[in-house]
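Two complexes, one shared chain (subunit A), two partners (subunit B, subunit C).
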Partner chain A sequence: MTSLREMAPDRLAELRRVGLSWRSSGQASLHGPLLRLAESLDRAFRLLATAGWDAEEERHPASLPAELLQRVHYLHSFPHQATFPVRLQPDEANLDEFRRGPVVDPDGHLVLTQLAPTRDVLTPAACHHLYAQHESSALDAPLYLTTRNTCFRNEPYYEPLRRQWSFTMREIVCLGSRSEAIGFLDRGRSTVDTLLKHLGLDVDWCVATDPFFRPLESPQYLMQRLEPTKHEAVYGGDLAIGSANLHHEHFGENYSISRAGEPAHSACLAFGIERWLFAVVDRYGVQPESWPDPASTMQQMVSATGGQWR
Partner chain B sequence: MTSLREMAPDRLAELRRVGLSWRSSGQASLHGPLLRLAESLDRAFRLLATAGWDAEEERHPASLPAELLQRVHYLHSFPHQATFPVRLQPDEANLDEFRRGPVVDPDGHLVLTQLAPTRDVLTPAACHHLYAQHESSALDAPLYLTTRNTCFRNEPYYEPLRRQWSFTMREIVCLGSRSEAIGFLDRGRSTVDTLLKHLGLDVDWCVATDPFFRPLESPQYLMQRLEPTKHEAVYGGDLAIGSANLHHEHFGENYSISRAGEPAHSACLAFGIERWLFAVVDRYGVQPESWPDPASTMQQMVSATGGQWR
Partner chain C sequence: MSSDGAATARTALREWILTKNRDLDQRQLADDTPLFAQRYLRSVHLPELILLVERLRGQPVDVSDLTAGHFRDIHTIVDLFITGTNDSEST
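After this line comes the complex of A and B, so read on.
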């Protein structure tokens, strides 16, 4: 199973002091200063989405049908990362057997009995819902959307705020022509750079690939190597706090979304909220008074442009 | 497996027009007017929590350890409702077998191979995280908390906004003495009644019990029958949009939370956001201009009392 990467005890104690609770499952609870910072970050990204592209907000469920994810071969590419929501077979004999126990063994593992068939996968990336939602659309203008979700990724190890089994992802997506998708990413990256500069956070934009299972067997991985389509904003040398992704017609073709009669291109900007929390605390320390307020910063950026971003 | 209860096609078409997308898994996506209403409702409940009791907000993960839930025998009481997050055994042979397929069968069901042991249960009610979070606390004053989470409950059937596999629950919790817990519920119910009156929503407060598996074998169910501890705000004769619950020392004892040296009593107010959406649309129809704005309504209620609620 998975293990926890040791975080320096001093660092973990500091994060606790500003509102982190850490579960050995690889999940974080937030309250106090860290929760307020997380909310301010999300408001900043929503404002970026609205002021930049008038993107419409959507809220999607915690899971989505495997059949939809398989349109883009998700489970072939990332079977090691997926988490599935399962239920017990609902017949009374099976439920009674489960209840007879031990239910939970001495190691804390559930002792499950017969499972009901399941169709769903817990959200692996927030934007998957958006392509599925707009399946079979014929767009006569670029479509800009934004959504936030709790995402699940099984990993070999977990580390507070840096690498979690479940975490919060805000995304902004463009569906349009190739030039619209590229223009969206260019402007998005440049605005994110300005935001980061105002927040005092240094990042390097690096070419990256997704963590495919058996990458050399994956045409998508080979494509990512041939033509860089994923760039990550890397803080402190090793922590990707955001990414800018060009998908070409991958989602447009597989979800039958067209733009001016051709398969739509798509692109997304993704932000890992917990990792931004880590970066701010790493940069400014544990006095919340010294932290920047990302939502106010973004509001000032919008005001300074007189709303002329679009 | 579960089935869908038929909603009148006209009603479903109306809900779609104001921003509902409905998945056959029993889950809702929101955008446009319904999403804005959902956000306003949650702001109203947060304001109620803050203005009424200075309750601290916490944000918790999507799942919690079964071992924690078993302190209150949750899986004995509600095995039929639980959903578990599971992963494949991570060895390469097992992942290869899964990928060889079919991965998803013609009915849309996943064809899973060997599963890794799992410890977690997807959140069944938002407040469970709060008792676990404050385990072993010795309180010298009542503790008021609020949290929102996506909750999973497996049901025999699903119906849009009314009964969902996953849905959004906002809760306000009091941990304190018996009189503090009872006082919290009294004031909470009365404030919720005022809010409902201003919103033009009629409810009846009804005595209810939780949906125990084999209720007659459950001491907790028998206790709920002997002394009513759960009251539901029922809209339209059959839709519980909120509940007020007195837990006595149930959580205080099992999580070792004390108040003035005695096991703490607890109580919670719970709001099912999607059900409030249904009630507003049922009452006011599909012209969002005619809907009330719950956050403004609550803000006016707070202003009218001059902040003297506490």
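After this line comes the complex of A and C, so read on.
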């Protein structure tokens, strides 16, 4: 059962004053200074994507078909994190029965009648849409993409800005040859390090694994242990605010994406916007005037190199 | 384990890897060839590889102890899991 991990009351009150509304479902609403900072962070990451690799922006829905996610066995690997969008069976008798009922009980639980078949999963990671979108592509050059989505993950507990049921993820993805994917990650990490340095945020890059269900039974988990492919930028010793992930041919093979006649390799840089908010507030306090402007910082980094990162 | 046992294990591992890579010239597969980094083996092969190593060493492999580099190449696998001459298995 999910629980809420309590943040120190004074810290939560401070965050409320700068634009955080925290819901008992483990979700955050943002407004005011925190929302402006979140948007500035996202602009910084988009600028990183376009200045670094001329990445094409894509926008995708809140959910994607389970059949597509299962190409990479997602629901076997992470069933505990999945959230499914359900709908009432749309026949009028069923809808009438729903309306005649309590609809919502005193505990706030929906009292559902018959449900329509569920085919979708709420987006668990923004980049999954990109591989599905480019299914059956034959690439004659590396493909760089970026997207942002609200992602949903069930967690054992929730904590404002640090661990949420829904959160905002910006990703930059490379689909290409093995060397192109590795080169993308190397340059990406280096640039993110520079951004972090300019923003005054100290992180350690740590080897990590994804949170597989029954990990010791998962070949993919054991593979990540044996041949590390995931590195996280960890702020404050325990908060991963970004990650650099090498997927090898995992997505290329399962979505029939090729590069020079071979299954494409892929890699992604992922940024959890709310966690960056936490890091900035933790580092600079709750006076918005003292916060850095990430988008301006990134723009200055681009300008300093004459805009020629590629 | 005797040097004969180690040699037998190397041969068995080599032959098994070649069955997974029919197009691979066996002269390209050295004892220090990075098996996963070169993509000769992938995660889908891991369960079978672990069973093979367990058969060759005559005892189970504790997968909770596996960590980076343990299955890097034939040489490392034999040293760590067959002859036990490399003490990094417990790290």
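Rule of thumb we're sticking to: the second predicted complex is superposed on the first by the 310 of 310 C-alpha atoms of A that agree within 3 Å, B and C clash if a C-alpha of one lies under 4 Å from a C-alpha of the other, contacts with A are read in each partner's own complex, and residues count from 1 in each chain.
As a convention for this text, contacts are C-beta pairs under 8 Å (C-beta built on N, C-alpha and C of every residue); 3 or more make two chains touch, one makes a residue touch a chain.
Treat the numbers as computed from the prediction; the structure is a model and nothing was measured.
Chemist: If you stack the two complexes on chain A, which partner ends up touching A:L30: first (subunit B), second (subunit C), both, or neither?
Modeler: In the superposed model, A:L30 contacts subunit B only, not subunit C.
Chemist: Give the label of whichever partner, subunit B or subunit C, reaches more residues of subunit A.
Modeler: Touching more of subunit A: B.
Chemist: Just checking: does A:P228 make contact with subunit B only, subunit C only, both, or neither of them? Give me first, second, both or neither.
Modeler: Once the two structures are laid over each other on A, A:P228 reaches subunit C alone.
Chemist: For A:S166, select first, second, both or neither according to whether it touches subunit B, subunit C, the two together, or no partner.
Modeler: first
Chemist: Touching A:A260 in the superposition: subunit B (first), subunit C (second), both, neither?
Modeler: Neither partner.
Chemist: With both complexes superposed on chain A, which partner does A:A138 reach: first (subunit B), second (subunit C), both or neither?
Modeler: neither
Chemist: Quick check on my understanding: which residues of subunit A belong to both its subunit B contact set and its subunit C contact set?
Modeler: Correct list for subunit A: none, the interfaces share no residue.
Chemist: Using the touch definition up top, name the residues of subunit A that touch subunit C in the complex.
Modeler: Subunit A reaches subunit C through residues 178, 207, 216, 219-220, 222-223, 225-228, 248-249.
Chemist: Using the touch definition up top, name the residues of subunit B that touch subunit A in the complex.
Modeler: Spelled out, the residues of subunit B in touch with subunit A are 1, 21, 23, 25, 27-32, 35, 38, 56-67, 70, 75-76, 79-80, 82-88, 90, 95, 98-99, 103-104, 107-110, 112, 116-122, 129, 133, 150, 152, 154, 156, 166, 213.
Chemist: Show me the residue ranges of subunit C that touch subunit A in the complex, using the header's touch definition.
Modeler: Against subunit A, the touching part of subunit C is residues 36-37, 39, 42-44, 46-47, 63-64, 66-71.
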